[in-house]
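As written, the chain order gives the labels A, B, C and D, with residue 1 at the start of each chain.
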């Protein structure tokens, strides 16, 4: 069972690794997707990956500050989603689509 | 949190629903009909619209819900540990702190009501 | 889930039991609802099939099973089938976190040449430390099945009904959340089991340094939170889409709301989900404000002592104790469910703008005021 | 052993949701897969003993933020998208490669720093979590009181701003 230890015991490293992968997937979503709403969802995923890191360290260091920061990050994320979607709806009203192509209209 | 139990139950419920639907689909007799599988429109011919307009109010409601929901969630840790605050002599301190927060909350709600963001005509 | 094989399997069986109990209560409630409607409207209701029409339920179930399974052309297949299955999950997850009775103990015994240690079971699917938060989280997922159904049907009435329903649910969730904050404040815990424990005995509380005890009243939450209890009841009507808040399926406007395209067993699953929400709401109301599974003037320990005197210490008395409290809890739930049914056949439906106005401009301020008042009185009475 | 199984199950659910969100062209399906991912993450929080945060995660993300996303997507009625992914094979390869580089760097740092490879055990006793919430509240309402107030102001600003933005002049929908 020596070789299987990676799978049979869960370590903090597992959580950190998972959160890195989630963060990378979020970055990929921001870079590759063209729908503004999906881009925002990818940002939410990145924030969640960071939250996972916070909680992992809170547990590992036995300090609750990490949990409080997750609380704050969630608040910011919700606020960002609210304003961001309001902007997306405004863009949709104007251009009838929510594609990052919209940014080309922002040139002065 | 008893995660294994929660996931077991969720899995069981899903399986239960799936099996019931499966059995129901096998028992009932099926008569295919072109008209039957059309979208239900109270018997009128189906009218295709390019986009169904949904009032922007619904989405505004959802946005305001997010904001107020977060504010309410902030109150939970305070409410649950008010006894401990009182035991430490921090009762009024925490109440005033949360009171200021709630005043901002109430001001927001008042503003939304006054600016007619919550009116449905 | 448990230490050894027996405990794990018993716990799993317990979960399945609670889920099936919820499913089985639905036809009973439908029968009660139809008979109740008949009673209220001075007519008979279903009375042909079996005694008092009770086997009407079986006939209905068979009818649902025999119905043709069909899917509209425009529907998205995955969402269309997924929505009714998903509709069951939030209610059953929430129901299993509510305590239905006190703990009962199985003493150690030997069987099959093995020693099986003493077990302790609780009449509850699983015990969650942060019970209320868990239930709120599970209940907040209910919106998805509605949205999935509305979008997956490919019908504009369904979509409009779904968006209406989800808007309504999230609007009333705010008032509900605020009343629950006041409840949490009174008890100082998230755990439903602890709340039930705290409501034992006669009404007694510390008021400006004096202990006040009123012997003829039980120590129930309703005496601390009368406004909160009423707000909670009203908000849970809206959360479970019951009349007078059943705007999502206002027949005159939207055919049948988000389940316009559904029929047969898929419809039935939605029904189970909806009634499940009703059951959860009444169980929560009982747990918060009406003493949970406890009898008014006899705590579960006292009753256990009485049973132990009669049957001796052991499995019989503790099991009898648990079952008695289970019956008490079910009785209380049925009273609340009868209120749900009675209101449905008494009050007319709101208009949608009235509904939203009630939610945001009346219930939310009242819930806020209730919370502030509770907090002020609580802190003032404990410090001076 | 049970813990390891639970962890891998949750990790797979989370990763499945995230990958599906990345690859599914239809934005509504993407939002639904993100819901799955969020629930997985909340399970991981509960695994790490942060029960309250896990509940809040589901209430806030799955119950509020993503409902808003799904509702807005339904409002737009984007049944299928003409172009879900960005164009250009070369730029795509470049993007994926740079993200891979980032991920490799992160993992490299973690592997070099061995001290985090400690086994973690699931906290399931209700007592621990209750005191956890209470301790958290103690910190939140004393040390972080100011940030808490500031967040209240921020949320007020967001509420006002979102209403103002939603009512700004637009094409398709009438002014509310």
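In the analysis below, a contact is a pair of C-beta atoms (placed from the backbone, for glycine too) under 8 Å apart; a residue touches a chain by one contact, two chains touch by 3 or more.
Please read these numbers as outputs of a predicted model, since none were measured by experiment.
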| item | value |
| --- | --- |
| Selected pair, greater C-beta contact count between A-B and A-D | A-D |
| Farthest-lying chain, centroid of Cα atoms versus that of chain C | A |
| Innermost chain by mean C-alpha position | B |
| Averaged-CA centre spacing for the pair chain D and chain A, given as whole angstrom | 5 |
| Chain centre separation (chain A, chain C; CA means) in Å | 34 |
| Whole-Å gap between the CA centroids of chain A and chain B | 21 |
| Between chain D and chain C, distance of the C-alpha-averaged centres to the nearest whole Å | 29 |
| Where chain B touches two or more other chains, by residue | 1-2, 4, 52, 54, 56, 58-59, 62-63, 65-70, 73-74, 76, 80-81, 98, 105, 112 |
| Residues of chain A whose C-beta touches two or more other chains | 71, 74-75, 78-79, 81-82, 85-86, 89 |
| Chain C, residues touching no fewer than two other chains | 127-130, 133-134, 159, 163, 166, 170, 173, 189-190 |
| Pairs of chains found to touch, sorted by chain label | A-B, A-D, B-C, B-D, C-D |
| Residue ranges of chain D touching chain A (in the complex, touch as defined) | 1, 3-4, 7-8, 11, 14-15, 18-19, 21-22, 27, 30-31, 34, 37-38, 41, 44-45, 48-50, 52-53, 56-57, 60-61, 64-66, 68-69, 72-73, 75-76, 78, 81, 83-86, 92, 95-96, 99-100, 102-103, 106-107, 110, 116-120, 132, 135-136, 139-140, 144, 147, 151, 154-155, 158-159, 161-162, 165-166, 168-173 |
| Chain C residues touching chain B - in the complex, by the definition given at the top | 1, 11-12, 15-16, 19, 64-74, 81, 84-86, 88-89, 92-93, 96, 125-130, 133-134, 153-157, 159-160, 163-164, 166-167, 170-171, 173-174, 177-178, 181-182, 184-185, 188-190, 255, 260-261, 264-266, 269, 352-353, 356-357, 360-361, 364-365, 368, 371-372, 375-376, 378-379, 382-383 |
| Chain D residues within the chain B interface of the complex | 2, 6, 9-10, 43, 46-47, 51-52, 54, 56, 59-60, 63-65, 67-68, 71-72, 74-75, 77, 122, 124, 129-130, 133-134, 136-138, 140-142, 145, 148-149, 151-153, 155-156, 158-160, 162-163, 166-167, 172-173, 176 |
| Parts of chain C lying in touch with chain D, wherever the complex brings them together | 127-130, 133-134, 136-138, 140-141, 143-144, 147-148, 150-151, 159, 162-163, 166, 170, 173, 189-191 |
| Chain A-touching residues of chain B, taken from the complex the two chains share | 56, 59, 63, 66-67, 69-70, 74 |
